[in-house]
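Look at the two complexes coming up: subunit A is in both, with subunit B in one and subunit C in the other.
Moving on, here comes the complex of A and B:
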């Protein structure tokens, strides 16, 4: 059962990822990216981590994909991608990719990853444990991340602010 | 003979009926019977009371009153029934349909109009049926320059996303389609799809009014998503769970709205904005941009989006009830037995009438109170539509970003103070559990 779900998810995720790269229409590429991110959320659900899965959906599909698609709509130019590939380049690319896959596969196959087994005593998923962990052991990381995000937002505001239209845009109400 | 057509012939009439009967018989023998046999051969039948449910057993159970109720009970507790009929899609769609009719009638009465009047003789009760038939039979016009796949898929996506939110709402203890441990975050994550769908649909219409409407929908939903999310945060802190069933169960002493009135207000306002209802219906502002992002919809595409938005209305009202109004808790008003003494009597028909074994007073009571509260919230949303004008977009964004977000924090700090002061929460003076 899980295997069929896994295979289906893999087909959706990898297929839409390839589609998002290969699609000539940029908007379809953005949609395919969103579907690919949904597939990744599906992996998290299979891995018994619904909390991460929901945040994956909320952040990547609900925010990042919307942002990308919105940007694509604003700068919509039909021929941003010029076709440069020739037959030789295509074959070379495929060979290179296959070579990399074989190499990575052989390295992975000889590593200890293959000897890992499923841990039967794995702790049951618990949101409260995540919350406790975030506020105790991982609190410095959380604070640093929050500061990074805050500085990013402040930087974006400082960059986007235009003082020349400030005066005309008097109090909104 | 005034109502009949002048060239009416009785012979032709009888002939047409005979022809109809023949066609039905031919269909039954050629199509339906093979399908039934195929299903009986290949589909494994479920077990009821330790016996395999063959058609013979099924029919004998249907005839025998004392054996009918277990079968019904078995079907009520299947997942398919839950997803498709009771707490799931069918139930929500019924409420959505009722809401559409009540909204039209209520607004009409509020504005001294009559509303739907002719279909169905009595106060136009069949207006909805007529509208539905009209939408089903109308031609779907796809604009020539539109992006066809997205244009066709977006309304279906809209309905299915709304149904996915509905699936998370518990109507009674254990009566929920998907009892997810992170139900609240799941609801917010799924609600995050709507701006994407509105934007894509408005873009695919290839027309300027839909696109303006879609951009407005995007701005509005993203501006109100943050206060929407934040206003549910103290609820999670109070009940220390993200599961919606647990959140509702944790309010058996007092409803959250007594501790979190400001947050309930913010949640209500944000859900109005999320639903694009007046006063926040800028994406569909009909006096400015025709019908906003729905301008190019026709026929059943419009019907689907309408169904989806009313499903969403029910889902958000249900979410409000679960988060702030204590879910299904309420005084027990249903008797322990529908007909007193039916369980001990040996009359099968009486037992069947009393729904013996099927009728659970606690569950029925829970569903009753949940429905009452949800209907009150829905009516509140409808009344606001009747008495408010549409607000300007800059005021809307200002409200969302500056005012509501700040308002949510007031109650959050109050709750934290109460918890750390030892008044509520685990181990407090008023313990929730």
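Moving on, here comes the complex of A and C:
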């Protein structure tokens, strides 16, 4: 039995996910994506994972969505609704998406996953266990992840660098 | 009380929306939107199973996954900006010269 909060969150999340792909303006699409990620954070709160929800809001809504909106403003695409989306491609996409939906849904409906139940007594908010796991067993993963993030950001900076500005500035110093 | 299956159905719906976007859309930014939707759906499924067990390990994995997709978005947007500078467009059908 699903409750009303879950239904409201589902409508917000799925609706703004569709809107983010189908909106005419790319900027509104980015904002709709941010709202969809907020909906996912709401699911995390329902599922008793408030720390992950905080992380989701901070990283996705705070960083990724803002980065995407900045990029949308930087690349002033002349026509956001492109003529390349032909009717045939659209039908193929809808069929593929619906096919995946029906297939995975029927597999899920017929499996024993439907008999699984949540534990009735909710676990207490144990951010301590997460921190302990991060710093003991998963500490090598944490270090590798930090290096990955740093190298990705440096790589993005090096990619987006403009050589022509640098050459113009060189004679002055 | 919700059951794990409800959250898994939502994850499946989000993944199929992402597949639709990846197939239909030719705008590079919309492709990144679709990839983000799929990554979020996977995180949702992981958290649902972690709540079911219950165990904090799933939450740790979701933290890693969120960080990795943030790095991926940074690099992807950098590539889009560079490609826009070369081609004056973010339509990936215009990027034919990248193939060889």
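By our rule, the second predicted complex is superposed on the first by the 130 of 173 C-alpha atoms of A that agree within 3 Å, B and C clash if a C-alpha of one lies under 4 Å from a C-alpha of the other, contacts with A are read in each partner's own complex, and residues count from 1 in each chain.
In this text, a contact is a pair of C-beta atoms (placed from the backbone, for glycine too) under 8 Å apart; a residue touches a chain by one contact, two chains touch by 3 or more.
In this text, all values refer to a predicted model and were calculated from it rather than measured experimentally.
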**Request:** Please tell me which partner, subunit B or subunit C, touches more residues of subunit A.
**Result:** C
**Asked** Touch check for A:88: first (subunit B), second (subunit C), both, or neither?
**Response** neither
**Request:** Please indicate which partner A:63 is in contact with in the superposed arrangement: first for subunit B, second for subunit C, both, or neither.
**Result:** both
**Message:** After the superposition on A, what does A:55 contact: first (subunit B), second (subunit C), both or neither?
**Reply:** both
**Message:** Applying the document's definition of touch, where does A:73 land relative to subunit B and subunit C: first, second, both, or neither?
**Reply:** first
**Message:** For A:31 in the superposed arrangement: first (subunit B), second (subunit C), both or neither?
**Reply:** first
**Request:** Go through subunit A and flag every residue that touches subunit B in one model and subunit C in the other.
**Result:** 51, 55, 63
**Fill in**
subunit A residues touching subunit C in their complex are 1-3, 6, 10, 13-14, 17-18, 20-21, 26, 29-30, 33, 36-37, 40, 43-44, 46-49, 51-52, 55-56, 59-60, 63-64, 67-68, 71-72, 74-75, 77-78, 80, 82, 84-85, 89-90, 92-94, 96-98, 100-101, 104-105, 108, 113-114, 116-120, 122-123, 126, 129-130, 133-134, 138, 141, 145, 148-149, 152-153, 155-157, 159-160, 162
**Prompt:** Considering the complex alone, what residue numbers of subunit B touch subunit A?
**Reply:** 147, 150, 180-182, 185-186, 188-190, 192-193, 195-196, 199-200, 203, 218, 222, 225, 240-242, 394-395, 398
**Message:** Touching residues of subunit C toward subunit A in the complex: what are they?
**Reply:** 1-10, 12-17, 19-21, 23-27, 29-30, 32-34, 36-37, 40, 43-44, 47-48, 50-54, 56-57, 59-60, 62-64, 66-75, 77-82, 84-85, 89-91, 93
**Fill in**
Listed in rising order, the residues of subunit A that touch subunit B in the complex are 27, 31, 34, 50-51, 54-55, 57-58, 61-63, 65-66, 69-70, 73, 125, 127-128, 172-173
